[in-house]
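Per-chain residue numbering starts at 1, and chain names A, B and C are given in the order in which the chains are listed.
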């Protein structure tokens, strides 16, 4: 386990605009408020999105499931940390549609999304900088113990 | 993008009672602790709920999907801000059932829910007041830049 | 309604290792940082998991749905509080797979999970201690008003 304590609770709240690319928009917010480590949460809706899952057997991600058209963003949960020295977003999303026949819900690792509306909160972890490095046990880039 | 920084981390934690109307119960907590802008998260279960999705083509919400009977509330994520001068909740929920045949998960914009149990956290954003106004690009009532 | 205000925003951030038992790992983090009441959030992936739902008619939980193999942990939301005098985790999870045929999402009350990767945040509520006791209206062990 890697675990550190944070005592300062700075947060940035806001929304992205229709047409914004979700990852780029949230990274812009991180840059504007100098957030290098933190947690991201949002609700809203997207007009297109791509989700996927990691595949331990191949050490890569599966071909993405492309969701076309309007979907509610039921939950967006993730974090920001440094990868190759730059702020990097790791985001998981649940996207859903409600139709006369019922509902469909698709969840996974969010690759990209075009925003319809997005109301977000980014909690800054200002007392530590978490960096991602290749983790041999999983093949993923995971946090290493801060120095 | 609209984004503001908050440096005060007041939060209210608690639970609603069986039979409570979810939105009314959380608004009561906001009122009791004077929260006009903030973020809401909860887990629990509901005995009835209605979810829907926005429909950009018509500018309204689709007919609700009514979920009868006991459902686990896998996630409740949302926020509180002012609409027409009053605290207004925007909530997204994922509701699920586990049956001998498998599981069913329904996610969307939460219209109403009757609480079986609800353990909640409301983070107050005390340094800003976010207000909703009609956003021409989407047809939704979205946050405007605080004055 | 039971509701208390918390003004201190201590949090612990970190990750569990591949092979860790999820509940035991998070309880270890709570113990290391002396967290008896708080909120837990995480994303990641699991290699096995069991979810279930409560059944009001019987006052117990349904036979678990056992999810074998790799699943993305789309969301993990929950809390820690005292039950029988010890830190107890109440966690809800959404687990998903993306396949060439589409996606599958399973949500519910998380009984157990074997971690592939888990990036977590635990918010400590240091100004109050919430304790669970049997709640006659539901048959669940729910928070009572702190003394």
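In this text, a contact is a pair of C-beta atoms (placed from the backbone, for glycine too) under 8 Å apart; a residue touches a chain by one contact, two chains touch by 3 or more.
Not measured: the values here are computed from a predicted model.
A.B. asks: Once chain A is fitted to chain C on CA atoms, what angle does the rotation have, in steps of 5 degrees?
C.D. replies: About 120 degrees of rotation relates the two copies.
A.B. asks: Call it same or different for chain B and chain C: same when shared residue numbers make up over half of all numbers used at their interface.
C.D. replies: Different-residue interface.
A.B. asks: Would you kindly tell me how far, in whole Å, the mean C-alpha position of chain C lies from that of chain B?
C.D. replies: 20
A.B. asks: Residues of chain B that contact two or more other chains, please.
C.D. replies: In chain B, the residues touching two or more other chains are 9, 41, 75, 94, 105.
A.B. asks: How about chain B: which of its residues touch chain A in the complex?
C.D. replies: Within the complex, chain B contacts chain A at residues 1-9, 37, 39, 41, 51-56, 62-65, 75, 77-79, 90-94, 105-109, 123, 125, 128, 130, 135, 137-138, 140, 142-143.
A.B. asks: Under the definition above, what is the set of chain C residues touching chain A in their complex?
C.D. replies: Counting only chain C, the residues touching chain A are 9-20, 25, 28-29, 32-33, 41, 43, 45, 70-75, 94, 96-100, 102-103, 105, 116-117, 119, 121.
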